[in-house]
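Order as written gives the chain letters A, B, C, D, E and F; numbering starts at 1 within each chain.
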Amino acid sequence: MTRIAVLNPNATESMTDGIAAAAALVARPGTEVIGITAAAGPVVVETNAEEAVAAAAVLAEVDRAEKGNAPDAWVIACFGDTGLAAARERASGPVVGMTEAALLTAALVAARFTIVTMPRRTRAMSERVIRELGLEHRCVVRAVDEPVASIAGGSGHLAPVFIAEGRAALLEDDAEAIVLGCAGLADLAAPLEAELGVPVIEGVAAGVSLAEALLAQGVRTSRAGTWARA
Amino acid sequence: MTRIAVLNPNATESMTDGIAAAAALVARPGTEVIGITAAAGPVVVETNAEEAVAAAAVLAEVDRAEKGNAPDAWVIACFGDTGLAAARERASGPVVGMTEAALLTAALVAARFTIVTMPRRTRAMSERVIRELGLEHRCVVRAVDEPVASIAGGSGHLAPVFIAEGRAALLEDDAEAIVLGCAGLADLAAPLEAELGVPVIEGVAAGVSLAEALLAQGVRTSRAGTWARA
Amino acid sequence: MTRIAVLNPNATESMTDGIAAAAALVARPGTEVIGITAAAGPVVVETNAEEAVAAAAVLAEVDRAEKGNAPDAWVIACFGDTGLAAARERASGPVVGMTEAALLTAALVAARFTIVTMPRRTRAMSERVIRELGLEHRCVVRAVDEPVASIAGGSGHLAPVFIAEGRAALLEDDAEAIVLGCAGLADLAAPLEAELGVPVIEGVAAGVSLAEALLAQGVRTSRAGTWARA
Amino acid sequence: MTRIAVLNPNATESMTDGIAAAAALVARPGTEVIGITAAAGPVVVETNAEEAVAAAAVLAEVDRAEKGNAPDAWVIACFGDTGLAAARERASGPVVGMTEAALLTAALVAARFTIVTMPRRTRAMSERVIRELGLEHRCVVRAVDEPVASIAGGSGHLAPVFIAEGRAALLEDDAEAIVLGCAGLADLAAPLEAELGVPVIEGVAAGVSLAEALLAQGVRTSRAGTWARA
Amino acid sequence: MTRIAVLNPNATESMTDGIAAAAALVARPGTEVIGITAAAGPVVVETNAEEAVAAAAVLAEVDRAEKGNAPDAWVIACFGDTGLAAARERASGPVVGMTEAALLTAALVAARFTIVTMPRRTRAMSERVIRELGLEHRCVVRAVDEPVASIAGGSGHLAPVFIAEGRAALLEDDAEAIVLGCAGLADLAAPLEAELGVPVIEGVAAGVSLAEALLAQGVRTSRAGTWARA
Amino acid sequence: MTRIAVLNPNATESMTDGIAAAAALVARPGTEVIGITAAAGPVVVETNAEEAVAAAAVLAEVDRAEKGNAPDAWVIACFGDTGLAAARERASGPVVGMTEAALLTAALVAARFTIVTMPRRTRAMSERVIRELGLEHRCVVRAVDEPVASIAGGSGHLAPVFIAEGRAALLEDDAEAIVLGCAGLADLAAPLEAELGVPVIEGVAAGVSLAEALLAQGVRTSRAGTWARA
């Protein structure tokens, strides 16, 4: 049995439960998806200060798990891939950020695509990941200005605003796919895809699938250079 | 049962057999890997002219398969991702190039990495894919000057030259992972990894895993814009 | 007598005739322009699949001509420069793509400029050439959504839609010149220039002039590396 | 009296003292430089995990200070600008990272320049800041492989290795200036400058001077968008 | 006493007086700001031809001053940093362009920002500096189409058009700060900041502050390579 | 009769004579090449100060010629394209810089290429043009450290050092063509091409040919935006 931890930097258990349940739907039969909440993190990650605190909380969870029954791989379930570098360095198995996973997945099915993130002020977090990957020429960021707290119990109610922004992305950005720019938005994938007629990528699902892909290939985090063990 | 076609643009059956066998090793239990040789292609793809002919041959194989029992997804098994855009447009399922798959996989485990391709003159094909993905800041290309024909029956004999070039990549490029820059090099992954101590990515394996990842997520090629059906 | 072949990847003779006639108008006295249709190509090149087939057809024409009375230079007369790398590798004389020729010409007379291509779905072909040349900071792409077939007999009837799109380019892109983004649009150069008051670049004419420029300098395709002979 | 806090993310008091003393030498008469150690941080910041912990510790110090007698401006004294975004968001006055300060200073006196950082594994932290500023075309990174702990009591003993690496930068990178890539290296500025004959930039000094420059202009952190208050 | 020359490439004394007076307001107590007009320059710098003449005139002023009582540092007070490279090469002290100074200052307080320059045709001068610094991903250029001559006696009357353009920058560019894109616009900083609620950067002030920062650090123009003495 | 002025920003008549004579060899039968020396310029252009003076001198020559019997087109015969923007703005006919002409020509025959310029300190002038064109991914700069004055009477004696540097470019840069990085180097084209076996591009020849290409197409400098008439 393969165990993949979906680690939510937002310290909101209900959100973690929803994320893990959605992630489990794409996992292959032999994979167990474990939801972990970064207990020492902020309730939601929206500001740069919250991101800093959450990154340390992500690291703490990885460290705790690695002392016991460490999962085979990790998915960071927060847009911006909070704490990814630290987690990658410390975890024994591979670690995939939901943002990078979503972008790499989108790049395989769309020549250009748009992230629709939330709230508006977090756009720089998306842009940071785009730039790390070098996808500036294929990806832009839009936002709907809803707080992360609004999706603690599900995101279906945001379908209208996401559909509206997605439509603008098709028209104005020539987007050929949409990336959902926040954890906890799995409810939106189907209605957006139905309305917009283009692939809609959900990052946690993408993260689980890419983590499985790394495990299948037996590819692990390089310990030369950037993510070397201490 | 999921069926993934590994399509070899080099019209060399023995090479296809080896590629498909290696790919099958990373496929998940429910996946059948089917080797297809682009029959109308050149024996090997090394020159730009051969690449042009091979791209049309790739398209012909996709068109033929799509008229019958089309596979669920495709992997293009030639460095440079010969004919990818055309195949993606025509195939009903997702299509993944081995080059893009290898690069995206490497980006998840290494901050910077080096492709070791062959022969020397094909480096521009690697660079084209790097640039399409925007990974110029993280990936460079090296080559060993061996003809593709030399690996028709396996690539193990090239381990010494690949190890030497890989070592140069670690020292001079600060590579944290190595990407094997040709189909048919699966035999080299284990010995290089053992010698170099960094992840060694084989693109066909990466392609199969990413194709599975797309299928698991239910993500298909966008039909808006670039890869729209005719 | 210098002979420059204008090779039309769209297998439409009437289009070739029009292209060659227009090209002849800019050729210098001692130059004979020869129209060649890529007989094995698709009737028009609009999709990625058509582009793949056309590239192989382009190569076939070059190979055929090189066996006999090869022209001194070639111009590829299709936006996206279909089959350029293969043709450049095989032809004894220099080969110029109409897209690259148009962009390089525009760069000499305008700080920023806009391609107006057709139909809409082909924009990625323009963007590929822009990116190969590195002109992303100076050039953007617009499209009018007309099929290539609509200009088989001339393009003058499209003046209104091209003028409208060109006007938008001046206002919204700050374009200082317009590049006509398809072969067979020579009829539009004069009316657009008259209406818009900025240089309008026609790529086949640009290609012929740049081919002449290479011949005058005695500069031939490098046989080191990327375009080496097999 | 203007008060500028030099905040050391490395929780090593002796290092903070040295940094603050050196910084005070460049401060203008009316400026008081206050050394603050990020008490909850790691002893040194070398790994990604240490950086994550240190960023949260930086934020904690800013939050603590802002509740009392907040300084007029802050300088983050760790290469990589640990916790800069969070600090910038929370501090009432401007916040300058020593890395960005050093790079911007270097850009005013040298067309191209080289960072010499330490230890080797931290190079990615420098590269992240280079890329955020867009200085990839003017700046590269080298490293001497010494631990940060080795400079807890001063850095003068490292002059020979830094001079050797600096000399390599002049010869191989065509560097026109050298940026010292770690806090606590102020002792090296004079000997390197004497030996190499090019400007040697020390980031904490640069940070203090740029913080003073912002204060003199009355320019504060924008509260629109990225660094808005919560 | 430190002496900083503010050198106006526009040969309009009244403009120089206003610029120097405004610059003096941000200078530290021990700094004397000296206004110098490039006497051989054009009355205003708007065209490329005027910029070429002004660059030579800037150099002449530097050469003249260096023969006598040379200032400790220079600020070039014209957007586009007219003649900067030549001045930097010849002046004994550091030379800062107002454009680069404004952009570097803005980068410390805003993740993205917009230059509002004038007149419209000069935008390429701003873009040249943006590109030299590599800030294309963080900065765009807008213009109000007013002649430079209109601000010979002060710029307060342009507040309404600058506020309107600044508002568009906030809405359409997501600008987090505004850079005033011409010398002689100091009157606009306060009203724009009051209306727009984001930092407004005035380049001559920024230039003086950065020149002071260089002097405080004892950092001088590198004489290796690009700006070596003849 | 078409008249193309080759304008030498180096105020050295013997150099102008040599340049014009070499340029005439590539001109088409109906073209007269006129050598013009920028009389008010420095004897050679090597420093940034000399470049500033030369740019104004270039402009003066254009202005003078435009008052009388203006040539149909201009070629700026100094690497770095001294004064190009101003000349382009003022001249009635098209203006081509020898540097941009060489680079655009090279891009048509080589996937990557190297400029060999002189003396060493002028490399930034080449890099500026590379960056304006966006060719950073295809072109690098090397230098031999000879003064421009050394070629006042011809450049043949520099063949050995240029051949050595060119050989290094082939080996270390994977250059597929060489661009001669100074006016007055026409004597070197043949011996370098013979020794190195790759195309060797001479910029003044390229400039004349591209000027002819623009004239043949009837394409003139855009008067919208950047190079508008005053």
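Note that in this section a contact is a pair of C-beta atoms (placed from the backbone, for glycine too) under 8 Å apart; a residue touches a chain by one contact, two chains touch by 3 or more.
Source: prediction; values computed, not measured.
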Which chains contact both subunit A and subunit D? B, E
Under the over-half criterion for shared residue numbers, do copies subunit A and subunit B use the same patch or different patches to meet? same
Work out the mean Cα position per chain and let me know which chain is farthest from subunit A. F
If you tally C-beta contacts across D-F and across B-C, the winner is B-C
When the C-alpha atoms of subunit A and subunit F are each averaged to a single point, how far apart are the two points in Å? 52
I'd like to verify one number: the distance from the centre of subunit C to the centre of subunit F, where each centre is the average of its C-alpha atoms, in whole angstrom. 26
If you average the Cα atoms of subunit B and of subunit D to get two centres, how far apart are those centres in Å? 43
When you check subunit F against every other chain, which residues touch at least two of them? 111, 123-124, 131, 136-137, 174, 225-227
Graph class of chain-chain contacts, one of line, ring, star, complete, other: other
Who touches whom among the chains? A-B, A-C, A-D, A-E, B-C, B-D, B-F, C-E, C-F, D-E, D-F, E-F
Subunit D residues within the subunit B interface of the complex: 123-124, 131, 136
Contacting residues of subunit B [partner subunit D, same complex]: 111, 137, 174
What part of subunit C is in contact with subunit B in the complex they form? 46-53, 55-56, 58-59, 83, 85-86, 88-90, 120-121, 123-124, 131, 225-228, 230
Tell me, which parts of subunit A touch subunit B in their complex? 26-30, 94, 96, 100, 104-105, 107-112, 133-138, 170, 174-177, 197-199, 201-202, 205-206, 209-210, 212-214, 216-227
